[in-house]
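Per-chain numbering from 1; labels A, B and C assigned in written order.
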Amino acid sequence: MFGIIPRETGFFDLMDEAAAVLVSAAEAYAGLAGDYGHREQYVRKIRQLEHEGDEIAHRTLEKLDQTFLTPFDREDIQALMMRMDDVIDEIDAAAKRLTLYQITDLTGWFVKQTEVLYRSSRLVSEAVNRLRNLKRPNGIQDRLVEIHRLENMGDDNNHAAVAELYCSGSDPILVMKWKEIYDLTERAIDRCEDIANAIEAILLKNT
Amino acid sequence: MFGIIPRETGFFDLMDEAAAVLVSAAEAYAGLAGDYGHREQYVRKIRQLEHEGDEIAHRTLEKLDQTFLTPFDREDIQALMMRMDDVIDEIDAAAKRLTLYQITDLTGWFVKQTEVLYRSSRLVSEAVNRLRNLKRPNGIQDRLVEIHRLENMGDDNNHAAVAELYCSGSDPILVMKWKEIYDLTERAIDRCEDIANAIEAILLKNT
Amino acid sequence: MFGIIPRETGFFDLMDEAAAVLVSAAEAYAGLAGDYGHREQYVRKIRQLEHEGDEIAHRTLEKLDQTFLTPFDREDIQALMMRMDDVIDEIDAAAKRLTLYQITDLTGWFVKQTEVLYRSSRLVSEAVNRLRNLKRPNGIQDRLVEIHRLENMGDDNNHAAVAELYCSGSDPILVMKWKEIYDLTERAIDRCEDIANAIEAILLKNT
(Lines give C-alpha, C1' and ligand atoms only; values in the text may rest on other atoms or scores of the structure.)
Protein backbone atom coordinates (compact mmCIF):
# COMPACT_ATOMS: atom_id res chain seq x y z
CA MET A 1 0.00 0.00 0.00
CA PHE A 2 2.80 2.38 0.88
CA GLY A 3 5.36 0.38 -1.05
CA ILE A 4 7.05 3.38 -2.67
CA ILE A 5 7.74 5.23 0.54
CA PRO A 6 10.67 3.68 2.42
CA ARG A 7 9.55 2.37 5.76
CA GLU A 8 11.44 3.64 8.79
CA THR A 9 14.08 1.04 9.64
CA GLY A 10 15.33 2.78 12.80
CA PHE A 11 12.58 1.07 14.78
CA PHE A 12 14.12 -2.32 14.06
CA ASP A 13 17.42 -1.09 15.43
CA LEU A 14 15.71 0.15 18.59
CA MET A 15 13.84 -3.13 19.04
CA ASP A 16 17.05 -5.12 18.57
CA GLU A 17 18.85 -2.88 21.06
CA ALA A 18 16.10 -3.36 23.64
CA ALA A 19 16.17 -7.12 23.11
CA ALA A 20 19.95 -7.19 23.54
CA VAL A 21 19.64 -5.31 26.84
CA LEU A 22 17.01 -7.79 27.98
CA VAL A 23 19.29 -10.74 27.17
CA SER A 24 22.17 -9.08 29.05
CA ALA A 25 19.98 -8.59 32.12
CA ALA A 26 18.81 -12.22 32.10
CA GLU A 27 22.41 -13.33 31.54
CA ALA A 28 23.59 -11.26 34.52
CA TYR A 29 20.81 -12.75 36.65
CA ALA A 30 21.85 -16.30 35.72
CA GLY A 31 25.46 -15.18 36.29
CA LEU A 32 24.58 -14.07 39.80
CA ALA A 33 23.02 -17.48 40.45
CA GLY A 34 26.17 -19.24 39.34
CA ASP A 35 28.68 -16.92 41.03
CA TYR A 36 26.84 -15.82 44.15
CA GLY A 37 30.00 -14.73 45.97
CA HIS A 38 30.20 -11.74 43.60
CA ARG A 39 26.48 -10.99 43.73
CA GLU A 40 26.92 -7.25 44.30
CA GLN A 41 28.51 -6.72 40.90
CA TYR A 42 25.71 -8.56 39.09
CA VAL A 43 23.07 -6.56 40.94
CA ARG A 44 24.83 -3.33 39.88
CA LYS A 45 25.10 -4.54 36.29
CA ILE A 46 21.37 -5.35 36.19
CA ARG A 47 20.54 -1.95 37.66
CA GLN A 48 22.56 -0.26 34.93
CA LEU A 49 20.86 -2.36 32.22
CA GLU A 50 17.52 -1.36 33.66
CA HIS A 51 18.41 2.30 33.07
CA GLU A 52 19.56 1.53 29.52
CA GLY A 53 16.28 -0.23 28.82
CA ASP A 54 14.32 2.79 30.07
CA GLU A 55 16.35 5.07 27.88
CA ILE A 56 15.75 2.96 24.75
CA ALA A 57 12.02 2.80 25.49
CA HIS A 58 11.98 6.57 25.85
CA ARG A 59 13.81 7.12 22.56
CA THR A 60 11.32 4.80 20.85
CA LEU A 61 8.37 6.75 22.21
CA GLU A 62 9.85 9.99 20.90
CA LYS A 63 10.58 8.46 17.52
CA LEU A 64 7.04 7.07 17.28
CA ASP A 65 5.64 10.55 17.71
CA GLN A 66 7.91 12.03 15.06
CA THR A 67 7.41 9.34 12.44
CA PHE A 68 4.51 9.21 10.06
CA LEU A 69 4.94 5.73 8.67
CA THR A 70 6.05 3.07 11.11
CA PRO A 71 6.86 -0.52 10.09
CA PHE A 72 4.06 -1.88 12.34
CA ASP A 73 1.13 -0.23 14.10
CA ARG A 74 2.59 2.22 16.57
CA GLU A 75 0.71 0.77 19.54
CA ASP A 76 2.17 -2.65 18.71
CA ILE A 77 5.71 -1.26 18.67
CA GLN A 78 5.05 0.53 21.93
CA ALA A 79 3.56 -2.59 23.54
CA LEU A 80 6.54 -4.69 22.46
CA MET A 81 9.03 -2.20 23.93
CA MET A 82 7.08 -1.88 27.18
CA ARG A 83 6.84 -5.65 27.61
CA MET A 84 10.62 -6.00 27.18
CA ASP A 85 11.11 -3.28 29.76
CA ASP A 86 8.76 -5.10 32.14
CA VAL A 87 10.93 -8.22 32.13
CA ILE A 88 14.02 -6.22 33.05
CA ASP A 89 12.10 -4.51 35.87
CA GLU A 90 11.15 -7.88 37.36
CA ILE A 91 14.74 -9.13 37.11
CA ASP A 92 16.01 -5.97 38.78
CA ALA A 93 13.45 -6.23 41.59
CA ALA A 94 14.29 -9.89 42.22
CA ALA A 95 18.07 -9.45 42.13
CA LYS A 96 17.97 -6.50 44.54
CA ARG A 97 15.99 -8.50 47.05
CA LEU A 98 18.61 -11.24 47.26
CA THR A 99 21.14 -8.80 48.72
CA LEU A 100 18.63 -6.66 50.58
CA TYR A 101 17.17 -9.67 52.38
CA GLN A 102 20.68 -10.96 53.07
CA ILE A 103 20.03 -14.33 51.46
CA THR A 104 23.20 -16.34 52.04
CA ASP A 105 22.39 -19.62 50.29
CA LEU A 106 20.65 -20.16 47.01
CA THR A 107 18.27 -23.01 46.25
CA GLY A 108 18.44 -25.41 43.33
CA TRP A 109 15.05 -24.23 42.09
CA PHE A 110 16.26 -20.65 41.98
CA VAL A 111 19.28 -21.54 39.84
CA LYS A 112 17.05 -23.58 37.54
CA GLN A 113 14.60 -20.72 37.09
CA THR A 114 17.28 -18.18 36.20
CA GLU A 115 18.34 -20.59 33.43
CA VAL A 116 14.79 -20.93 32.11
CA LEU A 117 14.55 -17.14 32.07
CA TYR A 118 17.85 -16.75 30.24
CA ARG A 119 16.82 -19.27 27.57
CA SER A 120 13.48 -17.55 27.12
CA SER A 121 15.14 -14.12 26.81
CA ARG A 122 17.41 -15.38 24.03
CA LEU A 123 14.42 -16.77 22.13
CA VAL A 124 12.69 -13.41 22.56
CA SER A 125 15.71 -11.68 21.12
CA GLU A 126 15.93 -14.07 18.17
CA ALA A 127 12.24 -13.55 17.43
CA VAL A 128 12.58 -9.76 17.67
CA ASN A 129 15.61 -9.78 15.32
CA ARG A 130 13.51 -11.63 12.76
CA LEU A 131 10.77 -8.99 12.66
CA ARG A 132 12.82 -7.16 10.01
CA ASN A 133 12.02 -9.79 7.53
CA LEU A 134 8.56 -11.24 7.71
CA LYS A 135 8.18 -12.07 4.04
CA ARG A 136 10.36 -15.16 4.06
CA PRO A 137 9.95 -18.12 6.41
CA ASN A 138 12.25 -17.21 9.25
CA GLY A 139 11.53 -19.42 12.22
CA ILE A 140 9.75 -16.84 14.39
CA GLN A 141 6.83 -19.18 15.04
CA ASP A 142 9.09 -21.95 16.34
CA ARG A 143 10.62 -19.54 18.81
CA LEU A 144 7.25 -18.32 20.03
CA VAL A 145 6.13 -21.91 20.61
CA GLU A 146 9.31 -22.55 22.58
CA ILE A 147 8.77 -19.41 24.70
CA HIS A 148 5.29 -20.69 25.58
CA ARG A 149 6.80 -24.05 26.51
CA LEU A 150 9.37 -22.40 28.77
CA GLU A 151 6.63 -20.35 30.43
CA ASN A 152 4.82 -23.57 31.30
CA MET A 153 8.06 -25.07 32.58
CA GLY A 154 8.71 -21.96 34.70
CA ASP A 155 5.22 -22.21 36.11
CA ASP A 156 5.64 -25.87 37.05
CA ASN A 157 9.07 -25.20 38.55
CA ASN A 158 7.70 -22.35 40.61
CA HIS A 159 4.89 -24.49 41.96
CA ALA A 160 7.32 -27.22 42.94
CA ALA A 161 9.71 -24.68 44.46
CA VAL A 162 7.01 -23.04 46.58
CA ALA A 163 5.54 -26.38 47.66
CA GLU A 164 9.02 -27.48 48.75
CA LEU A 165 9.60 -24.15 50.51
CA TYR A 166 6.36 -24.52 52.44
CA CYS A 167 7.28 -28.05 53.52
CA SER A 168 10.85 -27.14 54.42
CA GLY A 169 10.26 -26.31 58.05
CA SER A 170 12.29 -23.12 57.54
CA ASP A 171 11.82 -19.97 59.55
CA PRO A 172 8.60 -18.28 58.30
CA ILE A 173 10.47 -15.02 57.58
CA LEU A 174 12.91 -16.85 55.32
CA VAL A 175 9.95 -18.52 53.63
CA MET A 176 8.39 -15.10 52.95
CA LYS A 177 11.64 -13.79 51.45
CA TRP A 178 12.01 -16.75 49.08
CA LYS A 179 8.34 -16.74 48.15
CA GLU A 180 8.75 -13.17 46.92
CA ILE A 181 11.98 -13.86 45.04
CA TYR A 182 10.55 -17.00 43.41
CA ASP A 183 7.41 -15.17 42.38
CA LEU A 184 9.33 -12.25 40.88
CA THR A 185 11.53 -14.65 38.89
CA GLU A 186 8.55 -16.57 37.62
CA ARG A 187 6.86 -13.31 36.68
CA ALA A 188 9.90 -12.36 34.59
CA ILE A 189 9.46 -15.66 32.71
CA ASP A 190 5.72 -15.00 32.32
CA ARG A 191 6.45 -11.61 30.87
CA CYS A 192 8.64 -13.15 28.19
CA GLU A 193 5.43 -14.86 27.16
CA ASP A 194 3.71 -11.45 27.08
CA ILE A 195 6.41 -10.40 24.61
CA ALA A 196 5.69 -13.52 22.53
CA ASN A 197 2.02 -12.52 22.49
CA ALA A 198 2.92 -8.98 21.42
CA ILE A 199 5.01 -10.42 18.57
CA GLU A 200 2.18 -12.74 17.60
CA ALA A 201 -0.19 -9.77 17.37
CA ILE A 202 2.28 -8.14 14.97
CA LEU A 203 2.56 -11.32 12.88
CA LEU A 204 -1.20 -11.64 12.55
CA LYS A 205 -1.44 -8.16 11.06
CA ASN A 206 1.66 -8.27 8.88
CA THR A 207 1.91 -11.69 7.28
CA MET B 1 -24.10 3.72 8.39
CA PHE B 2 -23.16 0.26 7.20
CA GLY B 3 -26.74 -1.00 7.37
CA ILE B 4 -26.64 -2.87 4.09
CA ILE B 5 -23.54 -4.89 4.82
CA PRO B 6 -24.35 -7.76 7.18
CA ARG B 7 -22.33 -7.39 10.36
CA GLU B 8 -20.26 -10.34 11.33
CA THR B 9 -22.30 -12.42 13.79
CA GLY B 10 -19.57 -14.99 14.42
CA PHE B 11 -18.10 -12.71 17.07
CA PHE B 12 -21.24 -13.07 19.17
CA ASP B 13 -20.89 -16.84 19.00
CA LEU B 14 -17.27 -16.60 20.12
CA MET B 15 -18.13 -14.26 23.00
CA ASP B 16 -20.95 -16.56 24.12
CA GLU B 17 -18.62 -19.55 23.93
CA ALA B 18 -15.99 -17.79 26.02
CA ALA B 19 -18.62 -16.78 28.58
CA ALA B 20 -19.88 -20.38 28.80
CA VAL B 21 -16.35 -21.62 29.46
CA LEU B 22 -15.96 -19.01 32.19
CA VAL B 23 -19.21 -20.12 33.86
CA SER B 24 -18.08 -23.76 33.69
CA ALA B 25 -14.76 -22.89 35.34
CA ALA B 26 -16.46 -20.96 38.16
CA GLU B 27 -18.96 -23.81 38.55
CA ALA B 28 -16.14 -26.35 38.82
CA TYR B 29 -14.42 -24.16 41.41
CA ALA B 30 -17.60 -23.96 43.52
CA GLY B 31 -18.00 -27.72 42.91
CA LEU B 32 -14.53 -28.33 44.32
CA ALA B 33 -15.48 -26.30 47.40
CA GLY B 34 -18.59 -28.43 47.96
CA ASP B 35 -17.03 -31.82 47.17
CA TYR B 36 -13.46 -31.42 48.37
CA GLY B 37 -12.85 -35.16 48.60
CA HIS B 38 -12.80 -35.26 44.77
CA ARG B 39 -10.76 -32.08 44.40
CA GLU B 40 -8.33 -33.56 41.87
CA GLN B 41 -11.01 -34.03 39.25
CA TYR B 42 -12.24 -30.44 39.60
CA VAL B 43 -8.69 -29.11 39.32
CA ARG B 44 -8.23 -31.12 36.10
CA LYS B 45 -11.55 -29.89 34.74
CA ILE B 46 -10.58 -26.26 35.40
CA ARG B 47 -7.20 -26.79 33.77
CA GLN B 48 -8.92 -28.14 30.66
CA LEU B 49 -11.37 -25.21 30.60
CA GLU B 50 -8.42 -22.85 30.85
CA HIS B 51 -7.01 -24.34 27.64
CA GLU B 52 -10.40 -24.06 25.92
CA GLY B 53 -10.62 -20.41 26.93
CA ASP B 54 -7.16 -19.73 25.48
CA GLU B 55 -8.13 -21.41 22.26
CA ILE B 56 -11.33 -19.35 21.89
CA ALA B 57 -9.41 -16.14 22.62
CA HIS B 58 -6.91 -17.11 19.94
CA ARG B 59 -9.59 -17.83 17.36
CA THR B 60 -11.16 -14.45 18.13
CA LEU B 61 -7.85 -12.65 17.61
CA GLU B 62 -7.43 -14.34 14.23
CA LYS B 63 -10.99 -13.54 13.22
CA LEU B 64 -10.56 -9.89 14.24
CA ASP B 65 -7.62 -9.58 11.89
CA GLN B 66 -9.50 -11.15 9.00
CA THR B 67 -12.72 -9.19 9.39
CA PHE B 68 -13.26 -5.71 8.06
CA LEU B 69 -16.50 -4.84 9.83
CA THR B 70 -16.82 -6.00 13.40
CA PRO B 71 -19.98 -5.57 15.49
CA PHE B 72 -18.11 -3.42 18.04
CA ASP B 73 -14.72 -1.71 18.00
CA ARG B 74 -12.13 -4.43 17.63
CA GLU B 75 -10.17 -3.34 20.72
CA ASP B 76 -13.37 -3.60 22.77
CA ILE B 77 -14.01 -7.15 21.57
CA GLN B 78 -10.40 -8.04 22.29
CA ALA B 79 -10.53 -6.47 25.78
CA LEU B 80 -13.73 -8.35 26.60
CA MET B 81 -12.23 -11.69 25.55
CA MET B 82 -9.00 -11.05 27.42
CA ARG B 83 -10.86 -10.09 30.61
CA MET B 84 -12.88 -13.33 30.48
CA ASP B 85 -9.66 -15.27 30.03
CA ASP B 86 -8.13 -13.46 33.03
CA VAL B 87 -10.88 -14.71 35.35
CA ILE B 88 -10.29 -18.30 34.31
CA ASP B 89 -6.55 -17.89 34.84
CA GLU B 90 -7.13 -16.71 38.42
CA ILE B 91 -9.50 -19.62 39.11
CA ASP B 92 -6.98 -22.07 37.69
CA ALA B 93 -4.14 -20.59 39.78
CA ALA B 94 -6.21 -20.71 42.98
CA ALA B 95 -7.53 -24.24 42.45
CA LYS B 96 -4.08 -25.64 41.71
CA ARG B 97 -2.71 -24.18 44.93
CA LEU B 98 -5.25 -26.02 47.07
CA THR B 99 -3.82 -29.37 46.05
CA LEU B 100 -0.24 -28.19 45.68
CA TYR B 101 -0.19 -26.75 49.20
CA GLN B 102 -1.90 -29.88 50.51
CA ILE B 103 -4.75 -27.96 52.09
CA THR B 104 -6.82 -30.58 53.91
CA ASP B 105 -9.66 -28.49 55.36
CA LEU B 106 -11.56 -25.69 53.72
CA THR B 107 -12.83 -22.60 55.51
CA GLY B 108 -16.35 -21.23 55.49
CA TRP B 109 -15.13 -17.99 53.89
CA PHE B 110 -13.58 -19.91 51.04
CA VAL B 111 -16.82 -21.75 50.26
CA LYS B 112 -18.73 -18.47 50.42
CA GLN B 113 -16.34 -16.75 48.02
CA THR B 114 -16.54 -19.52 45.42
CA GLU B 115 -20.32 -19.01 45.47
CA VAL B 116 -20.00 -15.25 45.01
CA LEU B 117 -17.69 -15.90 42.07
CA TYR B 118 -20.06 -18.42 40.49
CA ARG B 119 -23.01 -16.00 40.75
CA SER B 120 -20.94 -13.21 39.26
CA SER B 121 -19.78 -15.42 36.37
CA ARG B 122 -23.38 -16.28 35.50
CA LEU B 123 -24.32 -12.61 35.44
CA VAL B 124 -21.33 -11.94 33.19
CA SER B 125 -22.53 -14.64 30.83
CA GLU B 126 -26.10 -13.31 30.79
CA ALA B 127 -24.80 -9.81 30.03
CA VAL B 128 -22.52 -11.09 27.26
CA ASN B 129 -25.38 -13.09 25.69
CA ARG B 130 -27.43 -9.89 25.54
CA LEU B 131 -24.80 -7.98 23.51
CA ARG B 132 -26.39 -9.43 20.35
CA ASN B 133 -29.36 -7.25 20.78
CA LEU B 134 -28.71 -3.81 22.16
CA LYS B 135 -31.61 -2.09 20.44
CA ARG B 136 -34.29 -3.35 22.77
CA PRO B 137 -34.28 -3.01 26.58
CA ASN B 138 -32.68 -6.26 27.61
CA GLY B 139 -31.66 -6.07 31.23
CA ILE B 140 -27.89 -5.75 30.71
CA GLN B 141 -27.63 -2.75 33.02
CA ASP B 142 -29.29 -4.60 35.91
CA ARG B 143 -26.75 -7.37 35.57
CA LEU B 144 -23.81 -4.99 35.52
CA VAL B 145 -25.09 -3.32 38.69
CA GLU B 146 -25.38 -6.71 40.35
CA ILE B 147 -21.83 -7.66 39.29
CA HIS B 148 -20.57 -4.47 40.95
CA ARG B 149 -22.53 -5.36 44.09
CA LEU B 150 -21.00 -8.85 44.17
CA GLU B 151 -17.53 -7.37 43.75
CA ASN B 152 -18.12 -5.24 46.83
CA MET B 153 -19.40 -8.27 48.70
CA GLY B 154 -16.37 -10.30 47.65
CA ASP B 155 -14.11 -7.50 48.84
CA ASP B 156 -15.81 -7.35 52.24
CA ASN B 157 -15.75 -11.14 52.58
CA ASN B 158 -12.07 -11.24 51.74
CA HIS B 159 -11.26 -8.60 54.33
CA ALA B 160 -13.18 -10.50 56.99
CA ALA B 161 -11.58 -13.79 55.93
CA VAL B 162 -8.05 -12.41 56.10
CA ALA B 163 -8.68 -10.64 59.42
CA GLU B 164 -9.98 -13.92 60.84
CA LEU B 165 -7.02 -15.81 59.38
CA TYR B 166 -4.59 -13.40 61.00
CA CYS B 167 -6.30 -13.77 64.39
CA SER B 168 -6.58 -17.55 64.13
CA GLY B 169 -3.32 -18.41 65.84
CA SER B 170 -2.59 -20.84 62.98
CA ASP B 171 0.85 -21.81 61.87
CA PRO B 172 2.30 -18.86 59.87
CA ILE B 173 2.96 -21.08 56.84
CA LEU B 174 -0.68 -22.16 56.73
CA VAL B 175 -1.64 -18.48 57.03
CA MET B 176 0.53 -17.64 54.00
CA LYS B 177 -1.04 -20.43 51.95
CA TRP B 178 -4.58 -19.30 52.70
CA LYS B 179 -3.76 -15.62 52.21
CA GLU B 180 -2.65 -16.43 48.68
CA ILE B 181 -5.69 -18.60 47.90
CA TYR B 182 -8.10 -16.02 49.33
CA ASP B 183 -6.46 -13.24 47.35
CA LEU B 184 -6.55 -15.20 44.08
CA THR B 185 -10.24 -15.99 44.60
CA GLU B 186 -11.06 -12.37 45.36
CA ARG B 187 -9.09 -11.29 42.30
CA ALA B 188 -11.20 -13.61 40.15
CA ILE B 189 -14.30 -11.82 41.49
CA ASP B 190 -12.66 -8.42 40.85
CA ARG B 191 -11.96 -9.42 37.29
CA CYS B 192 -15.62 -10.16 36.71
CA GLU B 193 -16.07 -6.47 37.46
CA ASP B 194 -13.40 -5.68 34.84
CA ILE B 195 -15.59 -7.58 32.37
CA ALA B 196 -18.58 -5.52 33.47
CA ASN B 197 -16.54 -2.38 32.79
CA ALA B 198 -15.55 -3.67 29.35
CA ILE B 199 -19.23 -4.30 28.59
CA GLU B 200 -20.14 -0.84 29.84
CA ALA B 201 -17.58 0.70 27.47
CA ILE B 202 -19.28 -1.18 24.60
CA LEU B 203 -22.73 0.00 25.70
CA LEU B 204 -21.62 3.63 25.85
CA LYS B 205 -20.50 3.52 22.24
CA ASN B 206 -23.33 1.44 20.84
CA THR B 207 -26.59 2.55 22.43
CA MET C 1 -6.01 22.09 12.17
CA PHE C 2 -9.34 22.53 13.93
CA GLY C 3 -8.46 26.02 15.17
CA ILE C 4 -11.84 27.54 14.43
CA ILE C 5 -13.85 25.01 16.38
CA PRO C 6 -13.56 25.68 20.14
CA ARG C 7 -11.99 22.71 21.86
CA GLU C 8 -13.97 21.22 24.69
CA THR C 9 -12.68 22.74 27.93
CA GLY C 10 -14.89 20.65 30.24
CA PHE C 11 -12.29 17.89 30.15
CA PHE C 12 -9.76 20.13 31.85
CA ASP C 13 -12.26 20.76 34.64
CA LEU C 14 -12.80 17.02 35.07
CA MET C 15 -9.07 16.31 35.11
CA ASP C 16 -8.52 19.06 37.70
CA GLU C 17 -11.38 17.69 39.80
CA ALA C 18 -9.93 14.18 39.70
CA ALA C 19 -6.48 15.51 40.63
CA ALA C 20 -7.97 17.44 43.59
CA VAL C 21 -9.68 14.29 44.86
CA LEU C 22 -6.38 12.42 44.57
CA VAL C 23 -4.56 15.09 46.60
CA SER C 24 -7.31 14.98 49.26
CA ALA C 25 -6.97 11.19 49.54
CA ALA C 26 -3.18 11.37 49.90
CA GLU C 27 -3.59 14.20 52.42
CA ALA C 28 -6.05 12.13 54.47
CA TYR C 29 -3.64 9.18 54.38
CA ALA C 30 -0.78 11.34 55.67
CA GLY C 31 -3.27 12.79 58.19
CA LEU C 32 -4.05 9.30 59.45
CA ALA C 33 -0.32 8.66 59.88
CA GLY C 34 0.06 11.82 61.98
CA ASP C 35 -3.12 11.46 64.03
CA TYR C 36 -3.50 7.70 64.37
CA GLY C 37 -5.83 7.94 67.39
CA HIS C 38 -8.55 9.20 65.02
CA ARG C 39 -7.76 6.71 62.26
CA GLU C 40 -11.37 5.65 61.71
CA GLN C 41 -12.39 9.10 60.47
CA TYR C 42 -9.52 9.23 57.96
CA VAL C 43 -10.37 5.78 56.66
CA ARG C 44 -13.98 6.89 56.14
CA LYS C 45 -12.85 10.10 54.44
CA ILE C 46 -10.63 8.14 52.04
CA ARG C 47 -13.45 5.72 51.28
CA GLN C 48 -15.72 8.63 50.41
CA LEU C 49 -13.04 10.20 48.18
CA GLU C 50 -12.65 6.88 46.44
CA HIS C 51 -16.35 7.00 45.49
CA GLU C 52 -15.99 10.61 44.28
CA GLY C 53 -13.04 9.60 42.12
CA ASP C 54 -15.06 6.76 40.56
CA GLU C 55 -17.89 9.12 39.83
CA ILE C 56 -15.62 11.68 38.10
CA ALA C 57 -14.00 8.92 36.03
CA HIS C 58 -17.44 7.74 34.99
CA ARG C 59 -18.58 11.23 33.98
CA THR C 60 -15.40 11.60 31.91
CA LEU C 61 -16.04 8.33 30.10
CA GLU C 62 -19.57 9.47 29.22
CA LYS C 63 -18.34 12.87 28.08
CA LEU C 64 -15.67 11.26 25.91
CA ASP C 65 -18.30 9.29 24.08
CA GLN C 66 -20.48 12.33 23.49
CA THR C 67 -17.73 14.68 22.35
CA PHE C 68 -16.37 14.80 18.83
CA LEU C 69 -13.29 16.94 19.38
CA THR C 70 -11.38 16.34 22.58
CA PRO C 71 -8.38 18.44 23.68
CA PHE C 72 -6.09 15.37 23.60
CA ASP C 73 -6.48 11.88 22.15
CA ARG C 74 -9.39 10.27 23.92
CA GLU C 75 -7.41 7.21 25.00
CA ASP C 76 -4.83 9.52 26.60
CA ILE C 77 -7.52 11.34 28.60
CA GLN C 78 -9.00 8.02 29.64
CA ALA C 79 -5.60 6.61 30.65
CA LEU C 80 -4.84 9.72 32.72
CA MET C 81 -8.16 9.49 34.58
CA MET C 82 -7.79 5.76 35.17
CA ARG C 83 -4.25 6.16 36.54
CA MET C 84 -5.44 8.82 39.01
CA ASP C 85 -8.21 6.49 40.10
CA ASP C 86 -5.68 3.68 40.58
CA VAL C 87 -3.68 5.72 43.11
CA ILE C 88 -6.78 6.37 45.20
CA ASP C 89 -7.68 2.66 45.09
CA GLU C 90 -4.25 1.74 46.49
CA ILE C 91 -4.54 4.36 49.25
CA ASP C 92 -8.00 3.09 50.15
CA ALA C 93 -6.82 -0.53 50.25
CA ALA C 94 -3.82 0.34 52.44
CA ALA C 95 -5.75 2.56 54.88
CA LYS C 96 -8.48 -0.03 55.37
CA ARG C 97 -5.93 -2.70 56.24
CA LEU C 98 -4.50 -0.66 59.11
CA THR C 99 -7.79 -0.84 60.99
CA LEU C 100 -8.80 -4.26 59.74
CA TYR C 101 -5.52 -5.81 60.87
CA GLN C 102 -5.78 -3.96 64.17
CA ILE C 103 -2.38 -2.32 63.80
CA THR C 104 -1.84 -0.41 67.06
CA ASP C 105 1.54 1.23 66.47
CA LEU C 106 2.86 2.84 63.31
CA THR C 107 6.44 2.68 62.12
CA GLY C 108 8.67 5.62 61.17
CA TRP C 109 9.00 4.26 57.61
CA PHE C 110 5.24 4.22 57.22
CA VAL C 111 4.90 7.87 58.25
CA LYS C 112 7.73 8.81 55.89
CA GLN C 113 6.12 7.00 52.95
CA THR C 114 2.74 8.70 53.43
CA GLU C 115 4.61 12.02 53.19
CA VAL C 116 6.40 11.00 49.99
CA LEU C 117 3.04 10.00 48.54
CA TYR C 118 1.39 13.28 49.55
CA ARG C 119 4.20 15.31 47.94
CA SER C 120 3.99 13.27 44.78
CA SER C 121 0.20 13.69 44.60
CA ARG C 122 0.53 17.47 44.82
CA LEU C 123 3.06 17.49 41.98
CA VAL C 124 0.68 15.33 39.94
CA SER C 125 -2.09 17.85 40.55
CA GLU C 126 0.13 20.80 39.61
CA ALA C 127 1.15 19.05 36.40
CA VAL C 128 -2.47 18.18 35.53
CA ASN C 129 -3.58 21.79 36.15
CA ARG C 130 -0.95 22.95 33.66
CA LEU C 131 -2.30 20.78 30.83
CA ARG C 132 -4.69 23.61 29.97
CA ASN C 133 -1.88 25.67 28.67
CA LEU C 134 0.84 23.81 26.87
CA LYS C 135 1.88 26.61 24.53
CA ARG C 136 3.85 28.61 27.07
CA PRO C 137 6.64 27.23 29.27
CA ASN C 138 4.79 26.20 32.37
CA GLY C 139 6.98 24.02 34.51
CA ILE C 140 5.28 20.69 33.81
CA GLN C 141 8.57 18.98 32.96
CA ASP C 142 10.15 19.98 36.29
CA ARG C 143 7.25 18.43 38.11
CA LEU C 144 7.43 15.18 36.15
CA VAL C 145 11.15 14.91 36.93
CA GLU C 146 10.40 15.44 40.62
CA ILE C 147 7.67 12.76 40.56
CA HIS C 148 10.20 10.31 39.12
CA ARG C 149 12.66 11.28 41.86
CA LEU C 150 10.02 10.68 44.55
CA GLU C 151 9.21 7.30 43.05
CA ASN C 152 12.86 6.31 43.40
CA MET C 153 12.88 7.59 46.96
CA GLY C 154 9.70 5.65 47.74
CA ASP C 155 11.29 2.53 46.29
CA ASP C 156 14.44 2.92 48.40
CA ASN C 157 12.39 3.65 51.52
CA ASN C 158 10.27 0.58 50.93
CA HIS C 159 13.31 -1.64 50.54
CA ALA C 160 14.80 -0.29 53.76
CA ALA C 161 11.46 -0.65 55.57
CA VAL C 162 10.98 -4.27 54.50
CA ALA C 163 14.60 -5.19 55.27
CA GLU C 164 14.15 -3.70 58.76
CA LEU C 165 10.83 -5.49 59.18
CA TYR C 166 12.40 -8.83 58.28
CA CYS C 167 15.23 -8.27 60.78
CA SER C 168 12.91 -7.05 63.54
CA GLY C 169 12.28 -10.39 65.16
CA SER C 170 8.55 -9.55 65.20
CA ASP C 171 5.81 -12.11 65.12
CA PRO C 172 5.58 -13.46 61.51
CA ILE C 173 1.89 -12.57 61.29
CA LEU C 174 2.65 -8.94 62.15
CA VAL C 175 5.43 -9.01 59.55
CA MET C 176 2.95 -10.20 56.91
CA LYS C 177 0.50 -7.44 57.79
CA TRP C 178 3.12 -4.70 57.51
CA LYS C 179 4.62 -6.16 54.36
CA GLU C 180 1.24 -5.81 52.69
CA ILE C 181 0.64 -2.26 53.97
CA TYR C 182 4.14 -1.14 52.96
CA ASP C 183 3.75 -2.64 49.50
CA LEU C 184 0.36 -1.02 48.93
CA THR C 185 1.73 2.36 49.97
CA GLU C 186 4.74 2.03 47.70
CA ARG C 187 2.46 0.97 44.87
CA ALA C 188 0.44 4.17 45.34
CA ILE C 189 3.69 6.13 44.92
CA ASP C 190 4.59 4.04 41.84
CA ARG C 191 1.24 4.79 40.30
CA CYS C 192 1.87 8.53 40.63
CA GLU C 193 4.76 7.82 38.29
CA ASP C 194 2.34 6.06 35.94
CA ILE C 195 0.37 9.32 35.87
CA ALA C 196 3.58 11.22 35.08
CA ASN C 197 4.13 8.82 32.16
CA ALA C 198 0.58 9.36 30.95
CA ILE C 199 1.15 13.13 31.06
CA GLU C 200 4.45 12.72 29.22
CA ALA C 201 2.68 10.80 26.45
CA ILE C 202 0.27 13.75 26.11
CA LEU C 203 3.13 16.27 26.02
CA LEU C 204 4.95 14.35 23.29
CA LYS C 205 1.91 14.55 21.03
CA ASN C 206 0.85 18.08 21.84
CA THR C 207 3.95 20.27 22.11
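Simple rule for what comes next: a residue touches a chain if its C-beta (ideal position, glycine included) is under 8 Å from a C-beta of that chain, and two chains touch if they have at least 3 such contacts.
None of the values given here were measured: they were computed from a predicted structure.
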Query raised in the report: Which contact partners do chain A and chain B have in common?
Result: C
Query raised in the report: How far, in degrees, do you have to turn chain A to put its CA atoms on top of chain C, rounded to the nearest 5?
Result: 120
Query raised in the report: Copies chain B and chain C touch; is their interface built from the same residue numbers (over half shared) or different ones?
Result: different
Query raised in the report: Taking each chain's centre as the mean position of its Cα atoms, how many Å separate chain B from chain C?
Result: 28
Report task. Would you mind listing the residues of chain C that make contact with two or more other chains? Result -> 172, 176
Query raised in the report: Across the complex, what residues on chain B touch chain C?
Result: 159, 162-163, 166, 172, 175-176, 179, 201, 204-205
Query raised in the report: Residues of chain A touching chain C in their complex?
Result: 61-62, 65, 96, 100-102, 172-173, 176-177
